[in-house]
Amino acid sequence: MKNLPILIVLLPLVAAQLCLVFSRIHRNVGRWLVITAVSASLVMSVMQLLNVIKDGPIHYYFGNYRAPIGIEFSIDTVNGIMLILVCVIGLLTFLFSSEFRVSSDKTIVGGMNTVLCLLITGLLGMTSTGDVFNLYVFLEITSLSAYCLIAMGGNKGVIAAYRYMLVGTVAATLYLLGVAVLYANTGTLNMADMAVLLNEGDKNKAMLLAMILFIAAFGIKMALFPFHGWQPAAYTHAETSARPLISGVMGKIPAYAMFRYLFCVYGTDFKYFDFILDVLGVLSVCAMLYGSIRAMGQKDMRKLLAYSSVAQIGYISLGFAIGTPLALAGAFLHMFGHAFMKAGLFFCVGAIVYRYGKFSLEDVGRLYKKMPITCGLLVLAALSMVGIPPAVGFFSKWYLGLAAAREAKWIYLAVLVISSLLNAVYFFRLIEKFFINPDKGLPQKRERGRIEASAWILIPVIVCFVAILALGLCNAKIVDVLLLTLGEVGL
Amino acid sequence: MELFLAEKGIYFLTLLLLGVGLAGIIVCSNYMKKLICMNIMQVAVIFFFLCLGQKAGGTIPVAMDSMINAADYINPLPHGLMLTAIVVSLGTTGVGLALLYRIKDRYGSIEEKDIIEREREKK
Amino acid sequence: MMNFLALEYRPLVAVALALTASILVYILGEHIHRNVREAITFVAAFLMAADVYSMIPSVISGEEIRLEVFSIVKGISLAFNVDAAGMIFGFVASTLWILTSLYSVGYMRGHDEKNQTGYYAAFAMCLCATMGICFAANLLTFFIFFEVLTVATYPLVVHYRDEKGKASGHKYLAYTLISGQIFFAAIVIIYVFTGTMDFVPGGFVATDALPMPWACVVFFMMVGAGIVKAGVMPLHSWLPAAMVAPTPVSALLHAVAVVKAGAFCTLRVVLYVFGPEAAKACHGAEILAWMAVLTILISSLIAIRKNNLKARLAYSTVGQLSYIVLGICILNPLAATGALYHIIAHAFLKITLFMCAGAIFVTTHKADITDMVGIGRRMPLTMLAFTLASVGIAGFPFFAGFVSKANIIMGAVEAGKPIYAATLVVSALLAVVYLMPVISIAFRRDVVNPEFSEYGEANWRMLVPLLITAVIAIVFGCAPNLGFHLYDIATMAGNSIFGALTM
Amino acid sequence: MRKVFSVIVICVALIVPFAMFEVMPQIGDPNSAPNSHVSVHYIENTQSIANSPNMVTSVIVDFRAFDTLLETTVMFLAGVCVMIILAGVYKTKKRVIDPGESKMLRVRSGEKVFRSINKDVIITLLQPMILVYAVYVLFHGEVSLGGGFQAGALIGTVLLLDAMAVPDKRNFPNITKGTSAMIAGIGTFIYATAGILTLIGGGLFLEYEKFPWNVPLLEQHSIGILMVEIGVTLGVAGTIVTIMNVLLEKVKFDK
């Protein structure tokens, strides 16, 4: 039991390392190996979360070297839930991807599974680590595998991946520079230890400098306005079967890391804390408006969803910018919710591509007759994005709005309202295209199967559907669990 | 001034390098040059980090029986970390080069304006 | 083991029944025979009506039916509370669901409509949301179902999936979503300032809870959602635009669920959230009353000019709904009673009118009033019901409309606002002006349209519901308390709101 | 002009805050924060705990060994990525060496371009030496400078020389790219195994003292470090060979 934190990360890692070997035997052996590993991680992360709720945060020391000497994993309720989220979406993506044959599979069998599994490993590691440099290494694992998965989406994907690689490396470099500044002032790499040392003596200026670097770095990685330039092309052209994971979770974990620095390492004693929060607030307000406005003009489903992600990331950072425990809980709830919404929407896009090979919004008229389940999820996820109860999107907005109102930040409340109306414009346009536009009589690329697509495609769709509703209806429980940790940080 | 340079000067040299790399990524229109600038930037940060390992009067961090004081050896931690960072930057560069190969193969050029033009043509 | 038939679970059961019906119809719809599909709707409708009726005795005896299902957000539960006002709306909605379903079957089959599965599913969903609105115990629960209603109505509005439907769908969404989101912001603000959300008869917002100009702003942010749905001018224009939908949908929009939900929302906000004192102190009620007065007059005048029967009825709805709003804003127990009773009266009368219009349209494919010359001869029963309902809308004695209007007028006089009373009287006359020509044209003897000779009376599935509603309208006019003690309940609601105040 | 200007702007924007805020410690100050907190522990305990006089080695493969596991994984991942990214390219039309051109070269300078005594014989002689050195670096890295990365790079170099210098004559068995990527994966797995064994032994991850065999504690550390180094070596060598193989496929040398 005491080894749960490492096992959650280790199993996908080992599975990825061995995937190529087992794929030699048969393609499916490697695939089932990684699927088993990720499922096991999922089970263990659930167990771990229960432990954390019962006994408080877990600290895991590698090699039994105590905190500042060795590397530490620290699990609290927030990242306990995030681990589950990553595992679930990762698992669904694996199931989903099994129906898609990628072109590289001829050259290297199981290569895509390896990379996808390493992406999951990186995300899990970034979530659970309590060491600043370890975070960097996990960040790079995540980035590298993401570059690869984006590049797999064809020629435009390669360009998008290259541009993302340049920007992403700048982000990693800036992060490293920030770490250098903090290390120069504290001499430690452990987050908890750093939090203690930073509060001794006057280090506010160094901290401010490092925080600006971190905001730029994580801003790029999470595609926060104005650092989002790489994101729409990358989400659009990524490999179809990997896109749900990339769009659903990859942007969230850097956001979590930013939260970690802002609230756990720095804390409210930091002299320029309010200033940083205001900066974040301005950025997120811009993101929410800009992303929504840009999304309105898109004709390609994938681009529309990508720009909508820019806006939705704004909601998350808005929660950080408000800074009260309730707002943070709202931000994290939105993170979980949005992961399922966006991943779900991309599962839908994938299912449509699987059967018809089309991305354009003009082609999808009356598709609901042929793919009712997929379109059901599409509608639910879209409504959730707009913030219609009882989907989860409404409740995260409720917490954000409530926290903003309690802090008397009326502008944030107004922007929340405006942004969700802008969301409504393009999401109802999307729904309209599916339900109202005349049938274009698309030629089928693949047969419909017994239901409407194969089970591996439908399972993720159904799970996302249930998850959006369940997260919405059980949000009070989740927020309670989140507040166990968040109640101690924040304003 | 001299004292300042001796105490802090090296930081600014590395930062200068970082700035050159960053500016190169932004202004260069050739993708290969961008990649090179990216590398320059990574190396600059590695140098920056290594500055922190310096210790006056320290020697290389291989323990000798004659010296047991911590003050006698330079700080090994930045070196260890930067080994990792170097390998990571190596991996990134490798992937970047592979991507460039693909771009060149597909578009016949790695100049940004050519690629944008080609993309526009296809539409 | 929980006893799901226990009294406190009944509001939940009502919601769940409609929800289940909706889901079943959506999932199974295409795979089962249409008779089975419609049977699902009927079973749910009857069970729901029985469920709602069974709660009436306990409401009359003043017993509290309260259920906290679970904590929907931190600190607030998804809670149901059956009170007198909710009961009235619930009664109307659940009763009319049965009749509208029957009518829908006739209309949809008679007209050979497409997308019937989606239609029935969305219809049941609307009813689910309406039940939630009726019995919601706090603002958040109310808002959740309110938004569900907004969304569930959209597929009905765009039922025909053509350009016109799309345009009116856009209009509908623009009005309701914007007002809904503003409502959301207002709920947040109210919660921050008062710390509670539970509806209390007489309101829970203290007069000095918010600084002065802002109190009025928040009041209108909240009421906005209600008056958009209720079609108070200048926010009414989606309602006539939504006329492109099939007639049963119009019936649903106008009589059963949507506009009534708007009026009910206004009621809840003015009397159960702000309360008479705060509403008066921030001048919100007064402004709103004047808006209602203007709406009543202007919409009646517009209705006279409309040649399309459904459009004329739509503007009539805009006017009639403002009676309710006006009745609420007079802030007087009598007027509130009248407003509540008008929900019932208008529902039965207007649904009769719409069903008649639909029956005419399905049978003869005529939508314009000028084309209907002599139609009364061919469809005597339909036109008889139409005549009765028109008379009722105009507020003649012995019709349901009279009871409510008389109450509102008496309330206005008692509150010292004779202008409001005068408005109601004038508007009743205007109603005569815009509805009587229809009847006189229909029964004209001189020119008989030769086309009509081939049509007979409407399909029985359409005819029966509209006759039933017409009869019910008369019954409730003659004996408001018959059977369900609805008038008593309305009075109870009015007294509870203002009684809490005087004590 | 624009370029120079932007370089200046960015450099100033980077340097000024560092200069103004006085955020960095003096270079070489023995009492500065990075030199006094955890690093002292690493320096003083490198022999007593990690049983390795090379402090950098003990930091990367013992105190902070988990970082290095991931670092090796990054190498492996980079290899797989390169392979996947280049897998889409089937056309070898635009190859580096134009066949016509090299044919002319061949005519000009004798019989066969690559067949010369320097390349053929000297490289054959050099390869075993480099390999021996690689093995030395691998096993000695624990106590002095060197280690798994260097050893892996050397082994990779040997295979690189073998493939590049005389394409049609290989001194080593030909490793296909699938196999080499597999080897890289297995290498990283060996590293991970060191951790898994300690888990089996009832310790925490990479807690070398808890290996499930019974030897003195300090020896346990040595075994752990060695195991890790072997894993790293295989990982790095595998990755280098993978990338080489992938690239070789895209280029047609003339025989």
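Order as written gives the chain letters A, B, C and D; numbering starts at 1 within each chain.
Convention: contacts are C-beta pairs under 8 Å (C-beta built on N, C-alpha and C of every residue); 3 or more make two chains touch, one makes a residue touch a chain.
As the structure is a computational prediction, the values presented were derived from the model and not from experiment.
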| item | value |
| --- | --- |
| Chain closest to the assembly centre - both centres taken as Cα means | A |
| Reference chain A; chain at largest CA-centroid distance | C |
| Which of A-B and B-D has more C-beta pairs touching across its chains | B-D |
| Gap in Å, rounded to a whole number, between the CA centres of chain C and chain B | 69 |
| Gap in Å, rounded to a whole number, between the CA centres of chain B and chain A | 28 |
| Centre distance in Å when chain B and chain D are each reduced to the mean of their C-alpha atoms | 17 |
| Inter-centroid spacing, chain D versus chain A (mean Cα positions, whole Å) | 31 |
| Shared-contact residues (touching 2 or more other chains) in chain A | 133, 137, 140, 144, 147-148, 151, 158, 183-184, 189 |
| Numbers and ranges of chain B residues touching at least 2 other chains | 18, 22, 52, 77-78, 81, 84, 88, 91-92, 95, 99, 102 |
| Multi-chain contact residues (two or more partners), chain D | 18, 24-25, 32, 34-35, 38-39, 42, 64, 67, 71, 74, 77-78, 81, 85, 88 |
| Contact pairs between chains, per stated definition | A-B, A-C, A-D, B-D |
| Residues of chain B that touch chain D when the two form their complex | 6-8, 10-12, 15-16, 18-20, 22-24, 26-28, 51-58, 61-64, 68, 70-71, 73, 75-81, 83-84, 87-88, 90-92, 94-95, 97-99, 101-102, 104-105, 108 |
| List of chain A residues in touch with chain B within their complex | 133, 136-137, 140, 143-144, 147-148, 151, 155-156, 158-159, 161-162, 165-166, 169-170, 172-173, 176-177, 180, 183-184, 189 |
| Contacting residues of chain A [partner chain C, same complex] | 326, 329, 366, 372, 376, 383, 386-390, 394-395, 397-399, 401-402, 404-406, 413-414, 416-417, 420-421, 424, 428, 432, 435-436, 438, 473, 475-477, 479-480, 483 |
| Contacting residues of chain D [partner chain B, same complex] | 2-3, 6-7, 9-15, 18-19, 24-30, 32, 34-35, 38-40, 42-44, 46-47, 53-56, 58-60, 64, 67-68, 71-72, 74-75, 77-79, 81-82, 85-86, 88-89, 91, 94, 144-145, 149, 243, 246, 250 |
| Contact set on chain C toward chain A in their complex | 26, 30, 70-74, 140, 143-144, 147-148, 150-151, 154-155, 158, 161, 165-166, 169, 173, 177-178, 181-182, 184-185, 188-189, 191-192 |
